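Following this line, the structures themselves.
Here come two complexes built around subunit A, the first alongside subunit B, the second alongside subunit C.
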Partner chain A sequence: MPESSDMLIQVNGKEQKVLQGTTLLQIVQAMGVDPARVVVERNLEIVDPEKLSETRVADSDRIEVIHFVGGG
Partner chain B sequence: MSHVLEQGLARYVSADQLKALRSVRIGIAGLGGIGSNVALMLARTGADSLVLVDYDRVEASNLNRQVYFPRDVGRYKTEALGEYLRSLNPDISPLFVQERITCDNVQEILGRADIWMEALDRAEDKAMLVRACLGASLPCVACSGMGGWGGPPLAVRRMGLLTVVGDFARDVESYPPLAPRVVACAALMANEILAHIWQQG
Partner chain C sequence: MDDIFEIGGEKLSSRLFIGTGKYRSDDLIPKVAEASGSQVITVAMRRVDDGGKGIMGHIPAGMHLLPNTSGARTAEEAVRLARIARAAGCGNWIKIEVINDTLRLLPDGYGTAKATEMLVKEGFVVFPYINPDLYVARACVEAGACCVMPLASPIGSNRGLRTREMIAVLIDEMKVPVIVDAGIGKPSEACECMEMGASACLVNTGIASARDAVLMAEAFGKAVDAGRKAYLAGFGTGRSFAEGASASSPLTGFLR
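Now for the complex of A and B:
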């Protein structure tokens, strides 16, 4: 029986298919933004920036990536 | 006897609302284009429990969008802003923190207020401050993208304890920070603070 390697997650409110094993860092990088300039929430929990590369998303995860640009 | 601002405010803001606003220590991290304008708007609305954080002095290039005047150039922003706040409301006595926020002191500084406005310049510092606020379960209103003129509308994105205002794209390194968009962003942020405090009351 073929095993599906896709998972369905939500990134900033939009559904997105990702491969099993995808990390939060990969999701941030795919958005083309600098990981040092983002705040990432996974299921309403803030993720430590150093843990983005080791945190693998799970099916139905809700991810928020808040991207900061300079100016204040 | 209440001062003039308070006499006038009574027409629009109830005593209960004023009490609620004054019971919350509002921290403003950075007193530049966003922070200086937010502080003045909140003070006009009656807030008097402000924690104002900035290490910098007023420069000529700040005058296009920050609340300072030519005579303030060279003064500490905390000192100049403090003077304007007191001329508006003689009873106001903000807590001034003349320090640069770093990962080493952020926890200690955040502990001095109940809710925070992120108004820092650098994107990395903004992200650091917001993470620290959320880590400490402190509500935070932050900003991302308000450079240039015209441009995409400023959005208000609310996510639990965090609200972020801005266009999320127009970095002031590429788009000059000009008064209309910067002040518009500051106004939306101040409005979020009022909504947070008064909707809970």
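Now for the complex of A and C:
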């Protein structure tokens, strides 16, 4: 598959087209949040924060980017 | 007198737990925390919205975090959220909420007990939010919960201590701390929980929805402390209506 081809993934329940080779860190940064303050799940598996920059998404991945909010 | 509350491997001097939801401005949270004297603070987990900053920047350093599993509809979803909280570096305390009832947000005791069992096995210190039901409380404790957190009235309702008798049963029966959670709207209600022998109270909406949240936080801190001291002091006996008064001053030596 050529480098430039798009993949379709889901991020927080919304479909998103990304380029081949996109990393989880890039996805988090594109959301405008501090990667140190989120937890990322890839297909229901929690991703080690140290590995966000080296983990490349695959077609059909379901990514969840979760953070803490106010609650009781 | 030292009155230390030992829970989840920690020693606390304050018996008020506070939440972080519904503040007009999250900038109030550090001031509320300081005014309340609380050492334990709850947070929730949600998907990141574009640009959302989250709450962690508003949590004072040194407070014990108690993440909740709100949003979980099943035991399995609660377990998933608990693992996420731990992965975020928030320690191993988790307040289990398993809720399907969208009107009154009443907790599912069966799902809560199941999630408690699963998470205790994974090394979590589990704080289960429950209806004040003796059998659900026992199931959670048998599964390894560190306490039980019965509701005073529905979450966020400010309706006060509506489940008084059932909470009294739990306080009498359970060997673990009873932390009254949900529905407490006034400091007097938190005080009453403590007078009854509750080990602690969790208050969110009662503080967050006050006109002056910081002043209300201080009032709740004092009320919880007062109720605890009254419980420890032990109440004098009361008299029935028919028995009438019992003079506080001597009934002899009147000047005539």
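What we mean here is this: the second predicted complex is superposed on the first by the 64 of 72 C-alpha atoms of A that agree within 3 Å, B and C clash if a C-alpha of one lies under 4 Å from a C-alpha of the other, contacts with A are read in each partner's own complex, and residues count from 1 in each chain.
Criterion: a contact is a pair of C-beta atoms (placed from the backbone, for glycine too) under 8 Å apart; a residue touches a chain by one contact, two chains touch by 3 or more.
Treat the numbers as computed from the prediction; the structure is a model and nothing was measured.
In the superposition on chain A, A:65 makes contact with subunit C only, not with subunit B. After overlaying the two complexes on the shared chain, residue contacts for A:32 are found with subunit C alone; subunit B is out of touch. In the superposed pair of complexes, A:46 makes contact with subunit B and with subunit C alike.
Once the two complexes are overlaid on chain A, the subunit A residues touched by subunit B in the first and by subunit C in the second are 37-39, 41, 44, 46, 49, 64, 66-72.
In the complex of the two chains, the subunit C residues touching subunit A come out as 19-23, 26, 29, 42-48, 50-57, 67-68, 70, 80, 83-84, 87-88, 90, 155-156, 182, 202, 204-205. Within the complex formed with subunit C, the subunit A residues making contact are 12-13, 31-33, 37-39, 41, 44, 46, 49, 64-72. If you check the complex, the residues on subunit A that touch subunit B are 34, 36-39, 41, 44, 46, 48-49, 64, 66-72.
If you check the complex, the residues on subunit B that touch subunit A are 30, 32-35, 118-124, 126-127, 130-131, 134-135, 142-147, 157, 159-160, 162, 164, 166, 168-173, 177, 182.
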